[in-house]
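First subunit A sits with subunit B, and in the next complex the same chain sits with subunit C.
== the complex of A and B ==
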C-alpha cells in the first residue's frame, strides 16, 4: 500500500538556533523595507523561503544585523533567549511607533541533554513563509509611518546572562495602549517562535 | 542593541501572547478589500467589519451602530460638538474597510465640514482640517476645496494644509503654484515648521529632476489650455514659427509667469496675499448671511420668473384657476423632502436614505464637493 510520508529532517540545537536567528535577520530586513525605515533603493532582492526577500545593502545596517543574529544564535543555543523585539521609533521625537515582538519558547530538555528532534525542513519553511507574507500584508492595518524613523533591537534573556559588550541594558520601550496583532508562529520542535506586532493607536488629533 | 530583563508584571504584549488568544485572520484573507488608512486601523474592528460582508446579522448591527452614532451627534450637549462627528467618521472608516460609495463616508465628511465651516472655533482645529483633507482626497478635483479652505482661512496655521495643497497641485503639474503654497506656509510659520521645511526641500529636489512644466498660469485654472489665436499675434520671438505648439504655449506662459511668481517675502503686509488666488469676487466667500439667507433656496416661495420669459403655448389649461403668463410651481408643503433635508443639521439624511441614495449623493459630491454649500459662499 502506497502511503505518503513527510520526510522528516533531524534538527539539532545548533541547527535550530541557526534557523531562528537567520529567520530573524530576514524578518528584520523585511520589516525595515516594508515599513520604509530605509529607502527602497538600498535593498536588493534575494530568494529565500521560496519568496523574493529583500536584504539591505547598507553596510552599517548589514553589519548591525549580522552581529545581532550571531549573538542571538549564541543565546538560542544556550537556551537563554526569551524574546527579541524590533522597535521602530520616530527619529525626531524618539516615540515608539511600532514593535515587532518575536517570543521564543525553548525545549529545555534539548538544551540540557543535547538531544535532537525531527521535523520536515519544508514544513518549517512553509511556516516561516506564512509569517513573511503576513509581515508584508500588515500594511492593511498599520498606520502610515510618514516621518523618518529609526529602529532598535531589544533582546529579553534569562537573568543570568551577562550583557555583551555591544549591548546595554534598557527599558522595554513599550507602547501605551497598543493595538496588537498576533501573527503566525513557527516551530522547529526545539524553538517555537510566536510573532506579534503592536502599534500605536493613532488618534485624529495627532500631528 | 539593548537587553531588557524580563519583568514580573506582564506588559500588554506578553500578556496577550501568554493568553493564547488569537487574532482573527480575516484581515489577511480579505486584504484586497481593505483600504489602508493613514492612521492605521483597529484590528478587531477591521476583522469584524470584514466578517460582516458575509453575514446579515452583522450588517444589521452595523446599520444600528451608525444610527446610534448619528443620534449621538444630534443629542450632543458638551462643548466640543466636533467630537461626536469624529467618532462617527472613525467608525464608518473602520466598519467599511473598502470605503466605497455605499459606505456613506464621503457623505458624512461633507456633512461634517458643512456643519462647522463658518465656525471660528474650529478654523484652527487640526482635527477639523483633517476631515476636510480626507474629503478632498475623495473628490474628483480637490482644488476647489483647497481654494475654499484658503479663502476661509481654515487650517492656515497648520503645516498639513500647505503640504497637502502643494502635493495636490504638484500632481496636477502646477509646480510653481505648489512652490508658492509651501513658501506661504513657511512664511506664516505654520506648525510644525520643520515638517514643512523638510517637505519643501524634498519638493525642490523633485522639481529639479522634473522636465520643464508646461502650464502654470493660475488665472487660467479652469479654462482649457488652448490659445491658438494669440500665438501669431506676438512677434517678438522669431524662433517661434519653427517650434511646436506645445513649446510655444510653454514659452508664452513663461513670459507671463514672472509677474505672478516673485513676491517680496519680507514685508508683513505682503504675507496675506502670498498665496495668489483669483481675488476678484472672493469677498462673497466670506459673508455668509444669516441662516435664513443661507437656506433661501429651500424656503423661498415660488414666484414669477422675472428674468426669462417662456412663450406660452396657446391651449387648454387644466386645473389652473388663473389664466395669464404666470407659471406657478406646485409645492407640496406637507411632503417631506426626499433625500437632502437642509433645515436641521442634516443628519436626518442617514435615516431616510438607503444605500442607493448614499451612492448617488456620494457620486454627486465627488464631482462637485461644494454642491450643498450656500450659493453665495462659492467662488464665482
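== the complex of A and C ==
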C-alpha cells in the first residue's frame, strides 16, 4: 500500500514502487487470462481498481508473480528499473508471439533526495483502470493464440545492477517486424509507466 | 408690416438733387414741390404738383412703399430663409467642427499610433537593414564560397570522372587479364588435372605393381628359402645318390661277375634308376628354382628402379606445383606491372599504396565537400523559404494597410465632397448676399441691420473657408503619410516573407523531429535498447523448475542466516559479559558446534546436489550422443552488440577429423546455422541449402550427414 497521508495524498518513493509493482502483478494476471495462456477455471475474481480483476489460483504462477513483483519493487525503489516486458511464446517452438511492454520513467530527484510528491490516489486509480480496460479490449485486435503458449518476464535494468541469484541475463526475445499498439499510461509523479503491446503479424492479416 | 412712420425728411438740397436727377414715380426720388416761400431762381421745368398730383404721388408713393414693403418682406423672408440656412449651416458647421474635432482626435491618435508604428518600423527597418546587410554579406561570402566550391566540385567531378575512366580502363584491362589468366589457369588446371590423373594412375599402377612384386618377391623369397633348403636336401641326396651310384656301379661291376643274383640287382638297379630319375627331377626343379630366384633378384632390382622413379616423379610433381605457384605469382606480378605502367605517377610498387591513399583521400575530401555543399544548399533553401514566408505575411499586412488606406481615401473623398458642397453653398450664399445687398441699397436704413448680419455671415463663411483650407492641408498631410506608410508596408511585406520562410523551416524541423520521435517510439516498442546502459534479465527459476530444489535452497539460506545471526549474537555476548562468559561459553560453544555441523551438512548437501546434477547431465549428454550420433557442446556467448546467445557445436561420432564441426546459434526459439570452415565446404553447403534453407529441417540435415559420414567411414 502507498505510504500516504489521507488528507494530502502525498506519495513517497516506496509507495510509488509498491503501486507500480502491484499494478504489474494485476496486469500480468489480466493478460494471462485474456490471452488464454492459462485456462479460465484457474482464475478467481477479485475487486481492484474499481473493476472485477481475475487472479490466478495456480500456486506456481502465483509464487512466480509474487517473487517477480517483490524484486521489481526493490529495483523501483533503487531507481534502476527501466522496463518490464511480459513475453508470450509458443510452447512447442519457443517463438515469441506477443510482447507487453511497460516502460518506466523514474524521477531521479526523488531517488537521490528522498523527496515526496502529491497526487490523488483516485486519479492514479482512474488511470490504471483505463489501462486495465484497454488490456481487456485488446482481444478485439490481437491475433488469436491457437496453440499452447507459455509466458516469461524480462526486466530491463541499469548496467550496474547486481544480478540476483534467481535471475540471469537474457536476450530481449524480439519479434521481427511486429505490429505495435500504444495503450494509455499512468503517472504517480515519481514513476511514469507507458504501456505498449507488440505482436507478430498474423499471416491471414497479411493476405 | 407696413411702415407707418414716414422716413425722415431729407434736406432740400437732396430734394433738388433728386429732382434734377430722377423722374417721378419710377422708384426714384420724389420731389415734392410744396408751397414754399423760397423762390427758386432757376426756372423749374420740373413737375409741378397740384393737390391731385400730390394725391397721385402719394398713391404712387404708397404703392411704391407697399412694393418696397413687399420687397422688404420678401427680403426679410429671404433673410429668414438665409438665417435658417445660416443656422443650418451653423449646425452643419458645428457638426463639421465636431467631426473635425473627432477627426482631429482620430488624427492625433492615428498620429500617435503612426509615431509608435514609425518607431517600431524604424527599429524593425534598422534591424532588418542590419540583418539584410549581414545576410547580403553572408550571401556574398556564401556565393563566393559557392563559386569556389562549385569550381572545386567541378574539378573533383572531372578528376573523379577521369579517375573513373581510368578505373574503368584498368578494370577492363583487369577483366581481360583475368579472363586470359582464367583461360590459362583453366588450361593449366586441365593439364595439371590430366597430369595428376596420369601420375596418380601411374603411381597407383606402380604401387599396385610394386605391391604385387613385393608380394611375389616375398613369396618367391619364401619359396627360395624353401627351395634352397630343398636344394640342399636334394644336393645331399644327390651326393648320397652319386656315392650310392658309384657304389652301385662298383657293385654292378662286381655283380657282372656274380650273375646268379641278377634279379635282386635288377631290382636294385630299377630302384636306383627310379631314385636317379627322382633326383634328376629334383635337380631340374632346383634349376627352375634357381632361375626363378634369379628372376626374383631381377624383379627386386626393377622394384628398386621403379621406387626410385616414383620418388623422382613425386619430387617432380612437387616441383611442378612450386613452378605453377611461381608461374601464378609471375603472372600476377606481370599484370600488376602492366597496371602500374598504366597508373600515372607510379614508378615502383612502393608508390602504389601511397597513390591509392592519395586517391582515396581525394575522393573522401571531394565527398566531404559535396556533403558540405549540399548542407549549405539546404540551409540556403531554408533561408529562402523563410524569406518567402515573411514576404507573404508582409503582403498580407500590405493588403490590410491598403484596405485601410482605401477607407481613409474614401473618407478623404467624402470630406472633399463635403468641402465642395460647403464651398458651393458658400458661393450661393455669397451670391444671395450680393443680391440682397443690391436690393437693400434701395431700401434704406432698416436694412443696415441685415447688412450687419450678412457681414457676420460672411465672417463665418470666411472662417469656414479657413477651416476648409486647414482640412485640405490635413488631407494632404494624410496622403503624404499614407504614401510613406505604403512604402513601409512594402518593406514589411519583404520582412514577412522572410519570416514565412523561417516558419516553414521550423515546420520542416518539427516534422523531422516528429518522424524521429515516431522512429524512436517504434524502436522502443520493438524492444531495442542500448547495451552500454541497459541489460535484460529474466528469472532463472521458471515455472518448470523443481520446487523441491527451490525449497531446499530457501531453507539453506534461512538456516545460514540464522546461523550467522546466532554467531553475531554470541560474539556480542562474548564482548559484553565477563564472568558469565564461562558459563555461557560452554553453551555458546555447543551452539557453535551445532551451527557448524549444520553448515557442514548444508554444504555437503549442496555439493551432493552439484555432483548429482553433473552426473545426470553427463549421462544425458552421453545418451544424446549415442542416440543421435553427435557430441553436442553448449556454450553461452555474447554478440558484439551485447546480446547473449547460446551456441551449440555438433561433432559427429563418425567424423574423420576434429575440424568437422557444425555450429548453430539459438535465439528466441530459433536455431540458425553458423557458417564455418566445415559448413562452407561445397558438399556441406549444398546440403545446408537444401535441407535447412529450402526444407527448413535441421534434423534431416544432421541425419543425412551422419549417414554420409557413416558410409564414408565404413567404406574407408
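The rule is simple: the second predicted complex is superposed on the first by the 195 of 207 C-alpha atoms of A that agree within 3 Å, B and C clash if a C-alpha of one lies under 4 Å from a C-alpha of the other, contacts with A are read in each partner's own complex, and residues count from 1 in each chain.
Rule of thumb we're sticking to: a residue touches a chain if its C-beta (ideal position, glycine included) is under 8 Å from a C-beta of that chain, and two chains touch if they have at least 3 such contacts.
Since we're looking at a predicted model, the values are computed, not measured.
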{"item": "Subunit B versus subunit C as contact partner of A:201, first or second or both or neither", "value": "first"}
{"item": "Which superposed partner A:178 touches (first subunit B, second subunit C, both, neither)", "value": "both"}
{"item": "Of subunit B and subunit C, the chain that contacts the larger number of subunit A residues", "value": "B"}
{"item": "Contacts of A:94 with subunit B and subunit C, given as first, second, both or neither", "value": "second"}
{"item": "Touching partner for A:134 - first (subunit B), second (subunit C), both, neither", "value": "first"}
{"item": "Touched partner set for A:156, first subunit B, second subunit C, both or neither", "value": "both"}
{"item": "Subunit B versus subunit C as contact partner of A:60, first or second or both or neither", "value": "second"}
{"item": "Which of subunit B and subunit C A:70 touches, first, second, both or neither", "value": "neither"}
{"item": "Subunit B and subunit C footprints on subunit A, overlapping residues", "value": "64, 67-68, 82-83, 99, 101, 103, 152-159, 161, 163, 166-172, 174, 178, 180, 182, 196, 198"}
{"item": "For the subunit B and subunit A complex, residues of the former touching the latter", "value": "1-7, 11-14, 16-17, 21-23, 27-28, 31, 34, 36-43, 46, 86, 90, 126-127, 130, 160, 192, 194-195"}
{"item": "Touching residues on subunit A, where the partner in the complex is subunit C", "value": "60-61, 64, 67-68, 82-83, 85, 89-90, 93-96, 99, 101, 103, 150, 152-159, 161, 163, 166-175, 178, 180, 182, 196, 198"}
{"item": "List of subunit C residues in touch with subunit A within their complex", "value": "521-522, 524-529, 532-543, 547, 643-645, 667-670"}
{"item": "Sites on subunit A touched by subunit B in the complex", "value": "64, 67-68, 71, 82-83, 92, 99, 101, 103, 133-134, 137, 139-144, 146-147, 152-159, 161, 163-164, 166-172, 174, 177-183, 194, 196, 198-207"}
